[in-house]
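The same chain A turns up in both complexes below, where it pairs with chain B and then with chain C.
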Partner chain A sequence: MSATFVPGNLNELLMCFDFARSLPETNALQNGMRKKSGKFIMDAERDGQSEDVCTYVKADLGMMLGGEVGPTGDPLPTPDILLLSYTGCFTFMKWFELIRHKYGCETVMLHVPYQGEGKVAPNMRDYVVKQLKETVIPTLERVSGVKFDIDRLRQYMRESAKAEEDLVAVLQSAKNRPSPIDGYFGAVYYIGPIFTAFRGMPEATQYYHVLRGEIEERVRAGKGPITPDGEMTDEKYRLVVEGPPNWTSFRDFWKMFYDEGAVVVASTYAKVGGVYDFGFRHDPDHPIESLAEYCLGCYTNLNLPSRIDMICRYIDEYQADGLLINSIKSCNSFSAGQLLVLREVEKRTGKPAAFIETDLVDPRYFSAANVKNRLESYFQMIKAKRVATAAAH
Partner chain B sequence: MRCFIGIDLGSTTTKAVVMDEHRNVLGRGITNSRSNYDTAASIAKQEALVNGRFYLFRQALGSTGALNGQLDTFLGQLERDFRSEQYLEQLRDLEATCQRNVATAKFGDSAGAVGEALTEVFRRLAVEAPTLFAPGAKRKSDFFRDIAGAQYLATGETVAKDAGIRYDFLLNVFDRSIIEVENRIYGDSIRRHLLAALERTFVELPDTAGRRAEVEAPIKGILDMAMEETYVVGTGYGRARLPFSKEHVRSEILCHGLGAHVMYPNTATVLDIGGQDTKAIQVDPHGIVESFQMNDRCAAGCGRYLGYIADEMNMGLHELGPLAMKSTKTIRINSTCTVFAGAELRDRLALGDKREDIMAGLHRAIILRAMSILARSGGIRDEFTFTGGVAKNEAAVKALKQLVQENYGELTLNINPDSIYTGALGGATFAWRAVVEEGKVAEARAA
Partner chain C sequence: MANVPPVIAIVERCQALFDDLDFNAVKQWKAAAPGRKAIGYMPVYVPRELVHAAGMLPVGILGGGDQLEVIQGDAYYQSYICRIPRSTIELGLTGRLDCLDGMLFPSICDVIRNLSGMWQILFPNKFVRYIDVPQNYEDAVGGKFYVSELEILRDELAKLRGAPITDAEIDASIRVYNDNRAAIRDLYAYRAVKPWQAPTAEVYLVLRAGMVLPPEEHTQLVREYIAAADALPRPKRDNARVVLTGGFCEQPPLALIKSIEMSGCYIVDDDFMLVTRWLLDDVPAHGQPLEELSKAFLHRSASTAAKYDAKREDKGQFLLHQVKTRGAEGVVFAAPSFCDPALLERPMLQDVLAKHTVPYTAFKYAENTGQMAPIREQAGTFADSIKLWSAA
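For the complex of A and B:
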């Protein structure tokens, strides 16, 4: 079994060595949605983790302290290797240090250079390819005892590329009015398989094929998105969202949107496990290079100007009314700079933006009344602006 | 006449503003929010409508010249007499409620004596009532709970001692009864009280009695005129409790933005510091909100912080500002956490710092937090309007002026004496716009 993270997830490669994959942040968010994370976090704090540590980390550590029973109630196997395939989140490294300390298992690290200049330079790609060839693949071979077969990798990548094509079609269906999907809350269910242990498997490809068919049918029928309370029929606000959702109050949070007729048409979160909508696909003809490009192109590896460009593009292409940022209290890496993103997007698009703060999986940091108050204010602000703009023309 | 009403249900007080169809503010009303928002909203609205009638009395009597030179005196007296009538009715209700509650209380053999003591307490309270509403009398609060409570506690202690009964029995009865009484709405008695007050005013001001007919006619005319609640818009934390649909509810961010714009049309940035939140709002030249930021996760640096400090210092909330103004030395208080502030306060006192200097430091700490929220919302632009309960605090205003000057230079700072009504004013303006500009009609009210 290999533990690895969602951004820079090298699923196809791990499958070449018959590793089962376990993703600690996915376990944490699952525990959040199942209302188990609160206790785990407190257990981790009692064990010495400070209040300011990433709550994904604490939920995971707390789960380990509780006897490695996973979110579904089944025991989790202990990892044989920790594959750290993306280093843009510094906390990932510290997290694996803690896990390594606990299990004493092998760790293999892929250093992914940051896109500080807003692009992937050839030497950056060469550097990652070199690490894959010289360190990562040999280590995986040694630990698994399976010889690397590049044709097996190519075959998985063919599957990946097909699924990626369908995923993009699904996410871009939100350009329609009404949008047939919610590109944030709903997208969580769409990105699930491909961002985790299933990318490259024929089952995943089939899932996306079926999903795309369903969504295209909704577009033809002019239907809105499905929510936990049924179909949303009256689309009043179209938003772009930056930042992950809150998992402990996921349903309540979502309800605050669809009750007001707000649909998220695009989100950066739906790109954390791979930015596919600007053309990148896993390439069976250049498998190792494409793994490198995949890691380098992660949303979390983009600099602030690139993130701003992407958000502005979404607002334009998806005809959104504005940007909402859900800033994560315990995430120092990606919450930094979000106010600057907000200001710049407001300036460039002229669309209203709003800022709320919650947390990933710490239930103590979701203040429902405050979040609702802000969201309602924001929706009314969009409406008031719309009325004023209409009156001016 | 058609009236457009805005109600702002705050965490501490509930405010209402009534506007006519020419967007003139007719009246304003305020009450404590209690634990019952429905009642608070009804009472604030009723207060605003009463206040509106007084405005109309003034207009009508002013135009006829019936009280030439004595208009202010007359209306001042009429209002005090009216308040006094209202107070006496509530007092009688409180007495009856207290007596009923004695019957069900477990006072054992003392029940009879407690009942007699209550009769005596309320007899004395009724005797003292007129002095409370005498010209120039200072009341710490205009809310019945506070006025009657203060009187009751003081008188009750004496009476209990004289009668040889336990004072806490009287307290127990009061605590159980006041909630019932303050949650009753005396809407039906307003006309009766105003007419009774009018009679008393003629007695108090005998030289006006000679012009009784000229004075009485316009007042009765206005009393007979229906003030129709054409459209009501609610805002504030309790807005979900308002008994009308979403169409009639607006976020307090939008209401504060618009209210500030109505008060000062050149407003670009609004700072509102209320009981439990601080809002920084940027508005466009039409009063439409462009962006906003609020305090998050924690209410430190809000009005409640000052309330807590006042409790710690055993002072009244309104005494803090004046005390801080006496400061001669700058003390930096670094914590805006309400609970830590209490600890810091005691620590500073132990170190020998003066109370006024510490107070000034605490006020500055609140404003520093507001400055950070303002910066997040996009900074301060000219003109800058400061609203909310804390805008009444001179020490807070002084600290704000200083920090604005240091960080943004010279700009116009607007503070309206009625700034506590900003949200309600915005709500009333939204109500007016809904009907007059958008042609909406109020839907049937759900019970």
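For the complex of A and C:
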């Protein structure tokens, strides 16, 4: 079994060595949704982790302390290898160092340079390719005892590319009015397989094929998104959201949107495991290079100006009413700089933006009343802005 | 004036440099010759040799400390993010960093990383570069990448000055910094032997002076300080000898360092301003400067939370080495609040220390922490327990 992170997830490569794949962030969020993370976090804090650090890490460490019983109640095997894809988040490095320190798991580092200048320079790509060839693949071969077969990798990548094509079509369906999907809360279910252990599997490709068919049908029928309380019929607000969702109160959080007729048409979170909507696809003809490109292009690996460009583009292309930032207390990678993102996006688009603060999996930092208040006044603001714009024309 | 002992005069000069949030020393250096440029850099490490080789002054930017009133900077950061980026933005927005022609943001954590992009937006006319350092330590892999990054930096600095930077120039700068590192190694060795003669509050200020002075002048200053400190006998106290760790980025207020010392601890090693001691020995300076800088980084550099430990056994070895070689009796973990690198690293380091029966204590601070009493009390209790422990 292997463990690796969602951004920079090299699922196709891990499958080449017959590894089962576990993603600690996904375990943490599953535990969050099942209301188990609060205890894990406190256990980890009792074990010496600071209250200040990323709660994903603590939820994971707490789960391991509790005997490594996974979110579903079934035991999780200890990983044979930790593939430290150091992509867009510094905490990843410490996270796997902590697990290695405590449980002695072997770790292999894949250092993905940051797009500090807003682009992938050739030396960055070469560096990642070289690490894959000279460090990562040989280590995976040794630990698994399986020899690397590049044609097997190509085959998985063919599957990935097909699924990616369909995923993009699904996410971009939100450009329609009404949007047939929710591109944040709903998108969590759409990105689930492809951002985790299933990208490259024929089953995943099929899932996306079916999903796309269903969504296209909804577009033809002029239907809105499905929510936990059924179909949303009256689309009043179209939003772009930046930042990961809160998991401990995921349903309540979502309800605050659809109750008001707000649909998220695009989100940056739906790109954490790969930015596909600007054209990138896994390329079976250049498999290793394309793995490198994939890692380098993950959302959290983009610099702040690129993130702002992307959000402004979404607001324009998806005809959104504005931007909502869900700032996560845990997550410096996303959060540090978001207030500037907010200002810049407002300045460039002229659309109102709002800021709320929650956490990923620490229930202590989700204040439903505060969030609801903020959202309500934000919707009021959008309404007022609409009236003002209409009057001006 | 005539009666002020030289060591005090030196420390006063360093204190004045430290207090000057307008960076007048930098302005004066620039004004002394036409066309001079200064480049700021943040913790932990940048290859200052390249900036120096371009004829520019590298300037260490370590936040605003406890004297700067942060007004605008707070509007850019949520409450759960450390202080150093907001006070640095405050310095920038209030024009205090106008004397800098550019800023380098090293790869230390996601906060500084994102700050590099913020700087690009807030100061569009300035040279800004994110400095990535390898987390793979093989010469042919991480080394190759690092050399190519150094090439890019060298080219950009050359563009800024309007002329290429030669290998010979970089070699000359490497020699200058080798001297500086040697002087600082001597300073640290001296303090470890006679911590009552060179209190850390002073050593810290001497090191801080190196953030704004040209390295040649700073080397001289460090040497003078060692001589002057040795010339003035000071009372030796029965203090516990400790290593202070965790302060590699956001700085504790000077009063906090003093408090720890007053509470009965001699700080015999630390991780302040690691840029001055990052490369552990002399970098060879004969013809292949970028490769040598890279090798020194990969194989002979200090350890901090911002750097990946390739093997589990490596974790904590740098700190243990500090403890052993300096004859320390304990470790004080002092980390900035909300500092993911320092705080995530801490439990691992503590575990290593526990296995080697090295006592430790831990607390958090912010650069503007005002209340010293709790820290004094905690450090005092720690010092007492060490003494009891060693007496037993």
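FYI, the second predicted complex is superposed on the first by the 392 of 393 C-alpha atoms of A that agree within 3 Å, B and C clash if a C-alpha of one lies under 4 Å from a C-alpha of the other, contacts with A are read in each partner's own complex, and residues count from 1 in each chain.
Note that contacts are C-beta pairs under 8 Å (C-beta built on N, C-alpha and C of every residue); 3 or more make two chains touch, one makes a residue touch a chain.
Treat the numbers as computed from the prediction; the structure is a model and nothing was measured.
> So in the superposed three-chain picture, is A:A384 touching just chain B, just chain C, both, or none of them (first/second/both/neither)?
After superposing on A, A:A384 lies in contact with chain B but is clear of chain C.
> Of the partners chain B and chain C, which touch A:P305 in the superposed model: first, second, both, neither?
So A:P305 only meets chain C here.
> Please indicate which partner A:M1 is in contact with in the superposed arrangement: first for chain B, second for chain C, both, or neither.
A:M1 contacts neither chain B nor chain C.
> First (chain B), second (chain C), both or neither: which does A:E357 touch?
In the superposition, A:E357 touches chain B and chain C alike.
> Pick one for A:L339: touches chain B only (first), chain C only (second), both, or neither.
Both partners.
> Determine, for the superposed model, which of the two partners chain B and chain C contacts more residues of chain A.
Partner touching more chain A residues in the overlay: C.
> After the superposition on A, what does A:K329 contact: first (chain B), second (chain C), both or neither?
Both partners, chain B and chain C.
> Is A:N123 in contact with chain B, with chain C, with both, or with neither (first, second, both, neither)?
Second partner only, chain C.
> Look at A:R374 in the shared chain and tell me whether it touches chain B only, chain C only, both, or neither; answer first, second, both or neither.
In the superposed model, A:R374 contacts chain B only, not chain C.
> For chain A, which residues belong to both interfaces, chain B and chain C?
329, 339, 357
> Under the definition above, what is the set of chain B residues touching chain A in their complex?
Contact set of chain B toward chain A: 237, 250-254, 284, 286, 288-294, 296-297, 376, 378.
> Mind pulling up the chain A residues that touch chain C in the complex?
47-50, 52-54, 57, 84, 86, 89-91, 93-95, 97-98, 100-101, 104, 107, 109, 111, 113-114, 116-117, 121, 123-124, 126-127, 130-131, 134-135, 303-308, 327, 329, 332-333, 335-340, 344, 357
> So in the complex, the part of chain A that touches chain B is made up of which residues?
Chain A reaches chain B through residues 329, 339, 343, 346, 352-357, 365, 367, 369-370, 373-374, 376-377, 380-381, 384-385, 388.
> Residues of chain C touching chain A in their complex?
75-78, 80-81, 85, 105, 107, 109-111, 113-118, 120-122, 129-130, 132, 134-136, 138, 140-142, 144-145, 148-149, 152, 305-306, 308-310, 312, 315, 335, 337-341, 343-348, 350-351, 364
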